[in-house]
Structure formats: C-alpha cells, structure tokens
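The structure under discussion appears below in the form of structure tokens.
Per-chain residue numbering starts at 1, and chain names A, B, C, D, E and F are given in the order in which the chains are listed.
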Amino acid sequence: MTRLEDFRAYRERMNERIFGIDHQGIRRFFNLDTAAYRDGPLEGRVKELLGLVASAVLRCNDCIDYHLDQCVDAGWSDEELYDALNVALVVGGSIVIPHLRHAVETIDLLRVEGE
Amino acid sequence: MTRLEDFRAYRERMNERIFGIDHQGIRRFFNLDTAAYRDGPLEGRVKELLGLVASAVLRCNDCIDYHLDQCVDAGWSDEELYDALNVALVVGGSIVIPHLRHAVETIDLLRVEGE
Amino acid sequence: MTRLEDFRAYRERMNERIFGIDHQGIRRFFNLDTAAYRDGPLEGRVKELLGLVASAVLRCNDCIDYHLDQCVDAGWSDEELYDALNVALVVGGSIVIPHLRHAVETIDLLRVEGE
Amino acid sequence: MTRLEDFRAYRERMNERIFGIDHQGIRRFFNLDTAAYRDGPLEGRVKELLGLVASAVLRCNDCIDYHLDQCVDAGWSDEELYDALNVALVVGGSIVIPHLRHAVETIDLLRVEGE
Amino acid sequence: MTRLEDFRAYRERMNERIFGIDHQGIRRFFNLDTAAYRDGPLEGRVKELLGLVASAVLRCNDCIDYHLDQCVDAGWSDEELYDALNVALVVGGSIVIPHLRHAVETIDLLRVEGE
Amino acid sequence: MTRLEDFRAYRERMNERIFGIDHQGIRRFFNLDTAAYRDGPLEGRVKELLGLVASAVLRCNDCIDYHLDQCVDAGWSDEELYDALNVALVVGGSIVIPHLRHAVETIDLLRVEGE
C-alpha cells in the first residue's frame, strides 16, 4: 500500500466516524467545504488549484495530497502544478520546501497510479 | 487620497528605499517574486488569483490589496473574485473574515477607480 | 467615537455589503459561524471564551474585539477574561503580547461603556 | 502499544531530557505552562478546553492529544469535546480537518483506555 | 510624534496596565520574556537578532519595532540588520515583504533619532 | 538508519527530483535560499542560528533538523543552541514545545554522530 492509499483509507474511515458523531455544525462545515470547489463563477478545476496553493502556504501535507488528487483528476499537467507550487513557494518561503518535496513526490505517485 | 492610493504610494516609496539598500539577496528575492506571476505553464492571470488566495489565508491585507489590483487589471470579474475569496474563507476559517471585509471593500474601491 | 464603536460600525457596514454580494458559500459560512456559538452540548458563553482564545493565539485584533464584546455580554468577569488570555499567552508566546495589550484595552473600553 | 502510549512515553522521556539540560529559562517556561491550567478565576477544566481549542487552531497534534488527555480526565463528555472542536473548525477552517480527524480518533482511544 | 514614539508610549502605558492587573501567570511570562534576551551562553545582542527574525517570520510589526530598537542599541549596523531580515524574507517568503518595508522604515527612523 | 540519516537521504533524493523538474523559479529559489546563509555582513554561522529560530517558531521539524545540522557543523555548542531555542520557545509559546523535544533529540543524535 502506498502512502497515498493509506491516507485515502484513513481519511475515508475517519470522515465516516466524524459523520457518525452527528454534530450539525461539523456536518454542515464538511458540506460547505465540498461545495466550495464545485463549478461556480470560477470553474471547479481552478478552485482546486486555489485549494492546493492555500494548503501549501498553510503547510498541511494531508490537504496538499487531497487537492493534488483532485487537481490531477481535473486534468492539470505536472508543469502547471509545479507552476502553482512555485507561487506557493515564493509567497510562503523556504519553510514551504519540505511540503514542496512532499507534493512533488505525491504527483509522481499519482502519475504511477494513472498509468 | 483613498487608502488604496496611500498604500500604493507607500509601497512604491519603500520598495525604492529597499532597492537602494542594495542587498543582493533581497533584490533577487523581489525579482523572483515578480517573475512568479508571469505567464508560464499557467497563465499569469491564474497565478494572480493563486497569489490572492494565498494572501487571504495567510491574512495579509497589503498582499491582498496588491493581488486584487493585479487581478482586476487581469480582467477577473467581481463574481470570480468573490468565488476565489470563498475558497480562502473555507480553507482559512472565520479568522479570515476581517480580511474578507477588507478585500470586498478594496474591490469596491478598485471598481470606482475604473469608472 | 471610540475605536470599538468604529469597529462595530465598519463591521456592520461591510457584513451588509458581503450579504449583498449574495454568494451562497459565503452566506452559509457566516450562518455557520454564528451557529457555532449558540448553546449546545457546551454553553454558548463557554464557546465565546473558546473563540476569544482561538482569536488571540491566531493574533486577530478584530476577532478578539468581537469575542470580548460577546464575552462581556455573557457575564464573564475581568479576572476570568485575563485568566483565559493568560492561556492564550502561554500557548502562543510573546508574539501574542501586542494582542494582549489590545485585549486589555478593549476590556477597559467595554467596562466604560457598561457604566 | 497504541500511538497514545507511544506519545506519552516519548513526551515523558524528552521532558526529562529537557529538564536535564538545566536551562533556567526553559525550566521556568515549563513551570509557567503547567501553572496556566490550574484552578484560578477560571476552573482548570475550562482552561484545558481553551488549551484544546488553541492547539487545534494552531494545528499541533501532540498538543491536541495532551489536552484531550487532560480534558477527559477533567470529565468533559464526548459531545462537549466535539462542540469545542467545532469552534476550532469554524475559526480555523478546513485546514483544521486533518487535526479534527486526529482528535476524534484520540477521543476514541481515550475512551477505550477508560473502559 | 513619530510612529515609534507613539508605539513606545502605548507599549509602556499598556504594560503598566497589564502589570496592574496583577495576574501572576501574565507577570511571570513578562519576566521570562525579558530574561530570555539577557547574556547567557549566547550574548544578549545575538538573541535580540534572533528575536527580530522570529518576529519578522511571524509577521508582527510591534515585535519587529521592539527588537529593532534593542538591536540598534546593541550596536548592530544597518547592513547586519538587513542581512538578518534577508534570512527572514527567504524563510518566510513574500508575505514577509510588507513587514520588511516596515522594518526598513523603522531602522531609518531609529537612525534619525540617534543623530 | 537513524531518523536523521533517513531525513538526509529523503531530502537529497527529493531535491534532485525537484532540480530535475527544471522550473526556473523553483531552481532560483533554492539557490537564493542557499545564498542567504553564506558569510555577508553577518557571519554565516550567525545566520544558521537565525534560520534555526525561524524554523522553530514556524514549527517545521525538517527545517529545524536541517539548520541544527548546519549549526553543529558551524561549531555552536549545545548550551548555545539551547539558549537560541529558549528564545524560540518564549516568542512562539508552548505550541513550540513538541518541536523543542524534537530539536533536543536531534542535537543528541548529532553529537553521537560526531563522536
């Protein structure tokens, strides 16, 4: 099992657990989160790219992996993803570099999965 | 003088002062920063939107104003900018709200300037 | 006009402007935010204190002022508020001190208003 | 050994190592940190809840686990802890979600321990 | 009155107010904070430089001004301060730039005061 | 293999992969990052200490390990490193403690390597 598969399994299991808690505020937050990336005035695929860069400057590997998964599904190329990550690197500084390493590794894992 | 004009004047004056310092590292960083938003694998206008959302989740009003200025120049509509800011709000939480207020006010000021 | 009155007027004006934008995601986020502080398994007044400490460690003066306003309305005493702010100071470090100054000044302003 | 037991063992071992360093500033900081959660104008158990929410919005899993341990000892119910975590989620945004997953898993582990 | 003089007056006034609160935890934190920059294994003047860079990457203008005041008193030259700020810029990214502008302006104000 | 050796191997492998991407902005950022710690108006060894404290307050374990490695090479003693970390602890608060544990463990690992 790759670390991506581990992450997806853990994420799915814990999201189910969290929905099982049945806290209305938390459930509504999750729905709002999903809705934020649907097509609207901006295309969903552009918003996934925004989510990726926001995750990178806030330095959250799980969030980066989630949005990379969506970005690859949405058809963004490696070069476009690197160009987005470069914006995150310049805005967020060298403290982002460990997350850039993680992101580039995740992109490589996603391309292997897609073969 | 609007607060936007004040900000632009201060920004220009201090950037000149910083270039006058002539620290090679700082000067190269500024050039790298400018270069990050030029057309590349991603269009510059998409990268300005990434810069806006990164600035919003990192909660920097000056950075928000700078990128909104560029985003409006690049032709993004109010509805598209609000949709990008909504991603920042969901990712960054209610702590982003004061910066959302600031951003919406800046968009209004920019549209008045453009009339 | 005190800075608190200025803040409340600006906040109200811009919140109306933001509701006027009529972005469904943003509007729902604002509703979710309001709902998070209502009585539930925890009393609303305890949750206002949680909101205050979260605002202090994230270093947002507007958010601190908003929650202090609510906390004073909810009947927390000065000593209790200082004790909560002390937790924020220890968790968040000396970088929180400028916001502690702001918070203590706000509490003083709120008590003058209440006289 | 569960991940909670691992964490407690590592935390205890390294805290001893840090006390062994005998840096007066660091030792005093640790004492100050402990003292911040004792009964005062606010009850210690309320301050543990404040520490939990501060840890969640600052996105530190070790800190979340430590405060959840204390919160469960202090008698907070699952529903009360979820309600506190919902405040953290709304204040801190979706970037908090991976830490919410971690926190909910920790609560489940703590309840198993308590059986 | 320059903005530095305003800041020092406000800082002194509110610190007195905070000491007046007489919360033992807060008072001890302030003492610990002062002690951290005294000569120890590292010279105090090096630790002021560390405080400056920490303040810059955490993006707190008041903290930057305070540490710059101390750094100039400790005899650091403009070129040395710029070199330290460059480290902050590279680590923290372009989001630090507004604070770099502020810092450079503060250094200029401090040199005028010193004339 | 210690966790330090794992980290260095991963860091080297991924840095090569990132250079292989051949994105001009990213490559220039990496060069700028390296250059920031060379001797200039401030000695390189002082700037490594600044990098360490910046990494600690921004709470990045990989960055802490990297700078500790450089700091030990530059001849800083354990007591000097602890004194720098104490500044980070006071500025950044108890949320830094898990990273202080990590840092102290890393220093111990580095000294074993150096024997």
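Quick note on the criterion: contacts are C-beta pairs under 8 Å (C-beta built on N, C-alpha and C of every residue); 3 or more make two chains touch, one makes a residue touch a chain.
None of these values were measured; they are calculated from a predicted model.
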### Summary
Common contacts of subunit B and subunit F, by label, are A, C, D, E
### Task
Compute the centre of every chain as the mean of its C-alpha atoms, then state which one is farthest from the centre of subunit B.
D
### Interface residue overlap between copies subunit B and subunit E, same or different (over half shared)
different
### Message
Suppose chain centres are the mean of their C-alpha atoms. Which chain sits farthest from subunit E?
### Response
A
### Message
Using Cα averages as centroids, what's the distance between subunit A and subunit B in whole Å?
### Response
23
### Task
Could you please state the distance in Å, as a whole number, between where the Cα atoms of subunit D are centred and where those of subunit E are centred?
31
## Note on the structure
Separation of the C-alpha centres, subunit C versus subunit F, in whole Å, is 37
#### Entry: Centroid spacing, where centroids are CA-atom means, of subunit C and subunit E in whole angstrom
27
### Query
What are the residues of subunit A that contact at least two other chains?
25, 29, 32-33, 36, 40, 54-55, 57-58, 63, 79, 82-83, 86, 89-92, 94-95
### Task
Chain touch graph shape: choose line, ring, star, complete or other and state it.
complete
### Query
For the complex, which residues does subunit B have touching subunit F?
24-25, 28-29, 32, 35-36, 40
### Summary
Touching subunit C in the complex, subunit D uses residues 32-33, 36-37, 40-42, 46-47, 49-51, 53-55, 57-58, 63, 77, 79-80, 82-84, 86-88, 90-92
### Query
Can you name the residues of subunit E that touch subunit B in the complex?
59, 78-79, 82-83, 85-86, 89-90, 94-95, 97-98, 100-101, 104-105, 108
### Residue ranges of subunit C in contact with subunit B within the complex
10-11, 14-15, 17-18, 21, 23, 25-26, 29-30, 33, 54-55, 58, 60, 62-63
### Query
Tell me, which parts of subunit D touch subunit B in their complex?
57, 89-96
